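Presented below are the structures under discussion, each in the form of structure tokens.
Below are two complexes that have subunit A in common, paired first with subunit B and then with subunit C.
Now for the complex of A and B:
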């Protein structure tokens, strides 16, 4: 492996890891807030990607501007979905039944996307889609840098929201101990709804970031949900920093392993890491304390 | 696998009958209005995937068959008789397609049969046709496994099997003067018999001519991130990059190569560049990209001009490859029927048709076709290239719409 290929692979891995972190953030949040396994998260990512593509095609404006609409829209959809659907599941079987319910939602979104936009594979055409910056002989694609920037801003924003605001405190209290949170006067039902909306809002940002540099089609979400689930388990269910660290590590490992092993085997890094985690430290490597209770 | 399928077919067909008889009147229990005993027409039986996974291409093939039948009937019919198509829907199921052809041959007593769409359905259908001694010309099923099952009745009605798609490009490269010829080649192929076959066909020929393989990347069909593959290819600084691709993989790989500012002298990708969506996805950076194509309405064969004119008038737009291959199937069978002067289900007539095609060269919309003993067509795909912003035929020279560009402009 030449030095320049090594550097290039590390850079690509970091950029990929950043995207993974953003895409996985919502998924771990749902589990943290509600013990919900949200299979439809990646379907919402693809939905946001389609909305960005459609927005760009209809208006000719930069797809990033679609965030102005999709982020609030997804927040509301998430809130409504939690209040009207997921909150009705019996707490005793919530985790299992949420898999079925959100699986159905994923299929519905996929079907509707196919119906409205057809199965044709789409890609946003940008003037800067092939542009890159050269740094020490390695090339950094502008679109990947933008996606990484979106991920960084969104995750920092999420962190600030969780740590620095009263809403964040209430949300964390709900995650850590719902009964105690209720005793302190927190309306945990409503907070859970907001938490779910927040998770889906990250899907809007993640989907838009994804759409900048990939070809999209309705069934694409099935390719994403597996690796994303692996990331949140390795990171520790419910822990956003854990998911982010796991995503970066797995992104870089995948990118580096690709050089000697090829694409097919490099993809298995997620599942090997998942098996190893479940054997050695089932509660996940970071965060952890929450998942231990399950 | 095939043997297993064959033994299970009877049981499956029977089960399917029980399941479907009530709702669909399937299995010939009430197939009134069958074609038997009518000497004024030639009935051709077809089973197509009109619903399910292959419904899009399946409907394309249906349009092609129907356009061909209508054209033949407008021009005096076949052997002076009108042609009627009997089309069943196999729902893209390999078990269903076999029972469909059993039904067409046994109950509908069709005179001739045409093949269905795609390798997965062609193989079981061809087995039924072989059992009954029927000629089996098929419009889609280019993978090698179609030709290694011992079918002596099968002919693929397209210019070339997957491995031969790049033949004209290989010849062109090998014929270049030593100094201009690319020295190194990088390959990226999807782990899929068809897509991989195209690139490896070219790889074998270029390696034999001394062009060194510096990268050979195989990726699973679900791959969406191509940046690492692109990084490996870019690191080799290969003169020519070849993709055994379908659609999204080619687009993502090309953009990833552009992002790394990798500038090969030549870039060839199968399937994707001929897709109308491709220039929309890649933008202005398509210039010089090469692709083999089994069919283009722009080809100047006289049969093709007639076809495009007739089809466009009928459907308001030019035909695509599926329609063309279906029409080609019709032309091939018609050529055999006219030469043998028979079109009936008797084993003697069907054998005559088969024997004729074994030796014949048929002029079709995709050029003159002839076949080897296993039914592989012995022609080659046209090579198209983006020249001045539009995809044009560049090889072979007698069909060319533009000159072959040996060193592609930067992308």
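Now for the complex of A and C:
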């Protein structure tokens, strides 16, 4: 592998890792707030990508502008979904039942996308779709940089929200000790709903970023959920920094392995890392001290 | 302290309370507990007597099926946790309930979640820092990194941020060694001396009664005996039944 190819792979891996990190942060939020395994996260990701594509096709405006609508929309949908569906699951079997429930939601979204937009593969064509930057001989597509920037800004915003605001403190308190939080007067039910809304908002941002340089089709979400689940287990369930670190590492590994192995086999890195984690350190590599921290 | 309206005799009064979980049998069967101002009232009794349930009812986590709860003479029977805080109650859970991955400062700050007045929050922060020096010393540390006894003090400090009239303490000595337990009980006395009434539930009955002003012996969801804690401690029959053996030495006062 030549030096510039190596550099290119690492950069592309980091850019992809940023998107993984944002989406994994969302998954981690659902799990932290209410021990929910949200299979439909990536279906919402693809839904947001479709909305961005549709918005661009209908209005001719930049797909990034669709965020103005999709982020608040997804936040509200997440809140309503948590309040009306997930909060009604029996606490004793919540985690397991949440898999079934969100699996059904994922299938519903996939079916609706197929029905409304057909199974045809779609791709956004932009003026800047083809442009790229050259960094030390490595070619980096501008759209990938924009997608990464979007993910990074969103993650930073999420961090600031969790760390610096009263709501973020209440959310972290609810994750760490729900009963104590309730006794301090925190409305933990509502906070959990907002937490879910935030998680889904990451899917909206991620989907828009994804739409910039990916070909999308209704069943694409199945390619995403596996790696994302692997990332949050490796990072330590409930740990947002853990998920971000795991996302970056695996993004780079995947990108590097693509050169000798091809795209399909490179994806197996997630599952190999998952198996290794479960054998060596089932609590995840950052699940100890970093867990639940932001 | 003379005012026109007579001050209610009790800051917190649970009267003939019946309560239970779901459709299961009642845990509290006509329980009456009264907490006068500036006193430590201690509930003792065997496992399953309903001690923790009393606190859950008082803090609005569990709604009683019948009976009444009054804080400062005002009926608050149907209030949820948020309203109970506003009416002057604060509840410290058993075991460790600090937010471990947050700093001591953040923990204490969250104690004032329902308080909007910035000046009042600053005033309360100074108050709890003075009352619990360890809180001030470890202000920027992660709460989970503190020892068990220190975490308890952070929990106490957190519960005092809302300027409660009565603090409900559920088994503050749970999981602590005897030396740390003594230290924690010292802090409970300091809370009382600062003018806060305490309703205390303890497994470690003898130790708790030594600290308390008033003792209530609870069994099968009812208070069987209420009296000055020192008298309960001195009663050989009670000691036999609930305090694990005869009193070691009866104080002659």
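FYI, the second predicted complex is superposed on the first by the 281 of 294 C-alpha atoms of A that agree within 3 Å, B and C clash if a C-alpha of one lies under 4 Å from a C-alpha of the other, contacts with A are read in each partner's own complex, and residues count from 1 in each chain.
Basically, a residue touches a chain if its C-beta (ideal position, glycine included) is under 8 Å from a C-beta of that chain, and two chains touch if they have at least 3 such contacts.
Since the structure is predicted, the reported quantities are computational estimates derived from the model, not experimental observations.
Student: State whether subunit B and subunit C clash or fit side by side on subunit A once the two structures are superposed.
Tutor: fit
Student: I want to verify the contact counts: of subunit B and subunit C, which reaches more residues of subunit A?
Tutor: B
Student: Using the touch definition from the top, say if A:35 reaches subunit B (first), subunit C (second), both or neither.
Tutor: Once the two structures are laid over each other on A, A:35 reaches no partner at all.
Student: Thinking of the overlay built on chain A, is A:131 touched by subunit B (first), by subunit C (second), by both, or by neither?
Tutor: first
Student: I'd like to know which partner A:221 touches here: subunit B for first, subunit C for second, both or neither.
Tutor: The answer is neither, since A:221 touches no partner chain.
Student: Pick one for A:173: touches subunit B only (first), subunit C only (second), both, or neither.
Tutor: Only subunit C is touched by A:173; subunit B is not.
Student: Rounded to a multiple of 10, tell me what angle the C-alpha centres of subunit B and subunit C make at the one for subunit A, in degrees.
Tutor: It is 150 degrees after superposition, to the nearest 10.
Student: Note down the smallest distance between any C-alpha of subunit B and any C-alpha of subunit C in the overlay, whole angstrom.
Tutor: Taking the overlay as described at the top, subunit B lies 37 Å from subunit C at its nearest C-alpha.
Student: Kindly list the residues of subunit A that each of subunit B and subunit C touches, one partner per complex.
Tutor: After superposing on chain A, no subunit A residue contacts both subunit B and subunit C.
Student: Across the complex, what residues on subunit B touch subunit A?
Tutor: Where subunit B meets subunit A, its residues are 56, 191, 217-220, 222-225, 227-229, 231-232, 234-235, 247-248, 251-252, 255-256, 258-261, 277, 280-283, 285, 411.
Student: Inside the complex, what are the residues of subunit A that reach subunit C?
Tutor: 166, 169-170, 172-173, 176-177, 179-187, 291-293
Student: Which stretch or stretches of subunit C touch subunit A in the complex?
Tutor: Result: residues 59, 61, 81-82, 85-86, 90-91, 93, 97-102, 106, 109-111, 113-114, 158, 162 of subunit C touch subunit A.
Student: Per the contact definition, I'd like the list of subunit A residues that touch subunit B in the complex.
Tutor: Per the touch definition, subunit A meets subunit B at residues 2, 4-5, 8-9, 12, 15-16, 119-123, 125-127, 129-132, 134, 139, 141, 143-144, 213-215, 217, 220, 223, 254-255, 258-259, 262-264, 266-267.
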